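Next come two complexes built around subunit A: one with subunit B, the other with subunit C.
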Partner chain A sequence: MGVGHAHRLYRHGPSPVHRLPPHCKIAAVLCFVVVVVSTPREAVWAFGLYALLLAAAALAARVPARFLLGRLLIEVPFVAFAVLMPFVANGPYVDVLGLSLSEPGLWGAWNILAKGTLGVAASVLLAATTELRELLLGLQRLRMPPLLVQIASFMIRYGDVVGDEMRRMRIARASRGFEARGVRHWGVLAQSAGALFIRSYERGERVHLAMLSRGYAGTMPVIDEVMATRAQWSYAAALPAAALAVCVMGWTL
Partner chain B sequence: MHVPDGFIDLPVSAATGAVAAVAVAVSLRGARRELGGGPGEGLGGERAAPLAGLVAAFIFAAQMLNFPVAAGTSGHLLGGALAAILVGPYTGVLCVSVVLLMQGVLFADGGLTALGVNITDMAVVAVPVAYVVFRGLVKMLPRGRGAVTAASFVAALVSVPAAAVAFTGLYALGGTTDVEIGKVFAAMVGVHVLIGIGEAVITALTVGAVMAVRPDLVYGARDLRAPLRLASATAGAPAPAGAPVPAGATAVPAARRQAQDNQDNKEASA
Partner chain C sequence: MTAPAPSLQVSGLAYAYPDGHQALFGVDLTVARGERVALLGPNGAGKTTLVLHLNGILAGGEGTVSVAGLPVGKAHLAEVRRRVGIVFQDPDDQLFMPTVREDVAFGPAAAGLRGAELEARVAGALEQVGMAGYADRPPHHLSFGQRRRVAVATVLAMEPEILVLDEPSSNLDPASRRELADILRSLDVTVLMVTHDLPYALELCPRSVVLSGGVIAADGRTQDLLCDEELMSAHRLELPFGFDPRSVTVPSL
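Now for the complex of A and B:
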């Protein structure tokens, strides 16, 4: 939760990870996250290995560490939540730096921090190496309902348009001397939200008519069908497979 | 509040994923009906994609609109209740789910394994709760714009803590940390009642703004457009404006809308 999401998470580059078909990458990231989440939290070293695996993947994708770490900041609200855990959880208490903290709470906080951070890092890596349109095509290849993919692609395509519309309305308000300072100004902002909805909906109607006039009948033609070769699948599977090995070790050791 | 990975254990995450998938599948069917115009229009699913997509883009943008609270803090709209009231429950579930999916996949906001949990809380629970409350109140209260505004206030006020209660239930089933469930409940519901009040004020004001300009776009209040129906049924002449239509950009579409409404009503009365 928080203020506006930073846009342009995609980082263009000529790496082999960028060239992988999107559905391989999505499947790989999903499997990786599932493996990470199912790792026992007591195996602290396993999470270090996962981080190394992700770092290796980032290296292969030529995504700079600074970029990746900067994007991790989206996690900050959960960090705040995780920090609270040792104070509210039950169980045996241990003394840390003079504070009496719950031991299960500390494990819980570690659990959320480690798994959450790895999950965010994996998603950021996926978004950094895959274009929006490719990502949607990949989801479609993974059998997401076509209508859902279409809705998502419209959302992505017009997200910037609607966002810019909102920005222009903000500039218009500001140039008339409006400054939102407190609850008293919610009425004006809500008017803006209402106007934004009407403009968005009417734009949707116009887009629909424009599409109808170009022969749209409910499905989008797939122009560039991406097929994955066996080699590409196995390349993408390297990350979750290595993670699975770590996970098995974490359970057995 | 987007749940990250590792917060809820895997079995419960998988189960909520299944719940979310079923709910989205049902909503896909329902949304075609909600967005498809009248039953006799012959327009079906192909209207759903652009309209639901633009509404999702609106929710996404509206979540970036910050409302200052006090002393430098600010909140933002969650939009579940707003979507339910403006475009109907099925489309609302669909749009909020798509927004959550894209936030998870693209912006790493909310974990991938927690996607089911997030969609279940914020779309599958919050949106229908808001719609049921809204419809119930609109039926009970006297007709009019005030009733719609009041009903949207209560609907949004209820929907946010309802999502928090749903989350508490999921946490009781599959939380990874042993925190007394009473504490989780108190914290989650307490915080979300406060958030819900802000959400309620903004939702009510926004629905009021839309009602003033394009009442036909408020899905939850479609049956309240009685004056238009009566005026057009008598002579088939252009209906007098049932609601104030301001000059400018919205005048043309509104007029087109009304012409369309007249046609619908003629068909209905024939």
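Now for the complex of A and C:
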């Protein structure tokens, strides 16, 4: 059981960004990412400006740079491929520090790295200022298919329950002298995974029964309606609007 | 003036599962408004099958069930499920929403309640079980006893005609068990309690019925039934070691 009462990506604070309605923030981040992705990669300065915009947003949200940069590390496995590109791509080669690197490869790597990092930074900022269930409410408000919202909501609710069950099964295995030492033991692990699946499936059936008993008829009732004022929308729009201006400059200059 | 219709009237209820296993062989049971009745019986006696008939989850066999005069059937399933509040054995199955408040609001919101009225209903139900301070907690951060109490609140929020509890005392430590008993005693609602915990039945329910082999085998004062050794052993009912039902004073029928 976690000690905290919020997800560890979330950082509680009293900032105006925290108080924004979740669907405004989700829409703003989505627009920002779309704008960033559609910027020509040759406009290197534009990405610098985007980074400054995000830094300003982080400042307004009172999210310290250390926290933000720490969370950015999640990106590392995904950009490993980008680092390989200059070595494997074809085309005209340039010499960098005595290595012969492909020029289109370098541009491709830069493209992925810059856009990926900005996208992840924007998402980390969103997660740091919005609680998980608020995110769900926001997605619901933005007319995301209700089934997907329900699945996400059950994942959050039952993640810990299933995790606990898995931990108990591991303890039960270990108590009977089992230790996973090699390929020969994978069978046992696979059986445990299967058992966990069956148990979760049966729990799903029991939860469905409990839902029916309380009047569930296919759709989740709306309990919290999130509303946004025009002022809140314009405040949230500041980030993508500024980014759009930069993007337009990137295409015209 | 005529007496109010009984909270629960089951007559001639028989049911066989689709695989052919017959669980109920003609059950007759009437529970008057405001009564607290314990439903006792060995494992496999058909207790759960009976409970699932009360709000129309299972149907299609012989016989009828009516709740406060309303027959359980396809026509008014929503109203029946509002009137019959089932508290399932595992609170993790019952509490499926991200926060306690949303979970308690689920039933009334599904019935169409909104806004201040909904808030008042949620606050009232949590107050009744002494969990008012926990509204914004996620269920998995509560202790087991607290979760069980919230599960009771989720049903109370629907203002049911009859509260059906499946093994309410299971897995509770003695203090939580006593707290739950105090709560159940304080409620002004008809209660049907399925349990193996015979002292708990004696403490809370003046009347008991024994379901055995798919029929009601006995119906009477809880103390009389528990003192009838022949009846008890015939239906695999056993008192805990050292417990003498004659030695305690109990509420009168």
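Rule of thumb we're sticking to: the second predicted complex is superposed on the first by the 236 of 253 C-alpha atoms of A that agree within 3 Å, B and C clash if a C-alpha of one lies under 4 Å from a C-alpha of the other, contacts with A are read in each partner's own complex, and residues count from 1 in each chain.
FYI, a contact is a pair of C-beta atoms (placed from the backbone, for glycine too) under 8 Å apart; a residue touches a chain by one contact, two chains touch by 3 or more.
Keep in mind the model is a prediction, meaning the values are calculated, not measured.
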item: Partner chain in contact with A:Val88 - subunit B first, subunit C second, else both or neither; value: first
item: First, second, both or neither for A:Val161, with subunit B first and subunit C second; value: both
item: Contacts of A:Gln140 with subunit B and subunit C, given as first, second, both or neither; value: neither
item: Which of subunit B and subunit C A:Thr129 touches, first, second, both or neither; value: neither
item: Touching partner for A:Glu75 - first (subunit B), second (subunit C), both, neither; value: first
item: Which of subunit B and subunit C A:Val183 touches, first, second, both or neither; value: first
item: Which superposed partner A:Pro221 touches (first subunit B, second subunit C, both, neither); value: second
item: First (subunit B), second (subunit C), both or neither touched by A:Ser213; value: second
item: Contacts of A:Leu118 with subunit B and subunit C, given as first, second, both or neither; value: first
item: Set intersection of subunit A contacts, subunit C complex versus subunit B complex; value: 1, 5, 132, 153-154, 156-158, 161, 203, 207, 211-212, 216-217
item: For the subunit B and subunit A complex, residues of the former touching the latter; value: 1-2, 4-7, 9-10, 13, 24-25, 28, 44-58, 60-62, 64-70, 76-77, 82, 86-87, 94-95, 98-99, 101-109, 111-113, 176-180, 183, 187, 201-202, 205-210, 212-214, 217, 249-250, 253
item: List of subunit A residues in touch with subunit B within their complex; value: 1, 3-6, 9, 26, 29-30, 33-34, 36-38, 41, 71, 74-75, 78, 85, 88-91, 104-105, 107-109, 111-112, 114-116, 118-124, 126-127, 132, 135, 139, 145, 147-148, 150-159, 161-163, 165-166, 180-183, 185-187, 189-205, 207-208, 211-212, 216-218
item: Of subunit A, residues touching subunit C in the complex; value: 1-2, 5, 132-133, 136, 153-154, 156-158, 160-161, 203, 206-207, 209-217, 221-224
item: Subunit C - residues contacting subunit A, complex; value: 52, 55, 57, 78, 81-82, 84-86, 88, 90, 92-99, 102, 105-107, 109-111, 114, 118, 137-141, 154-155, 158
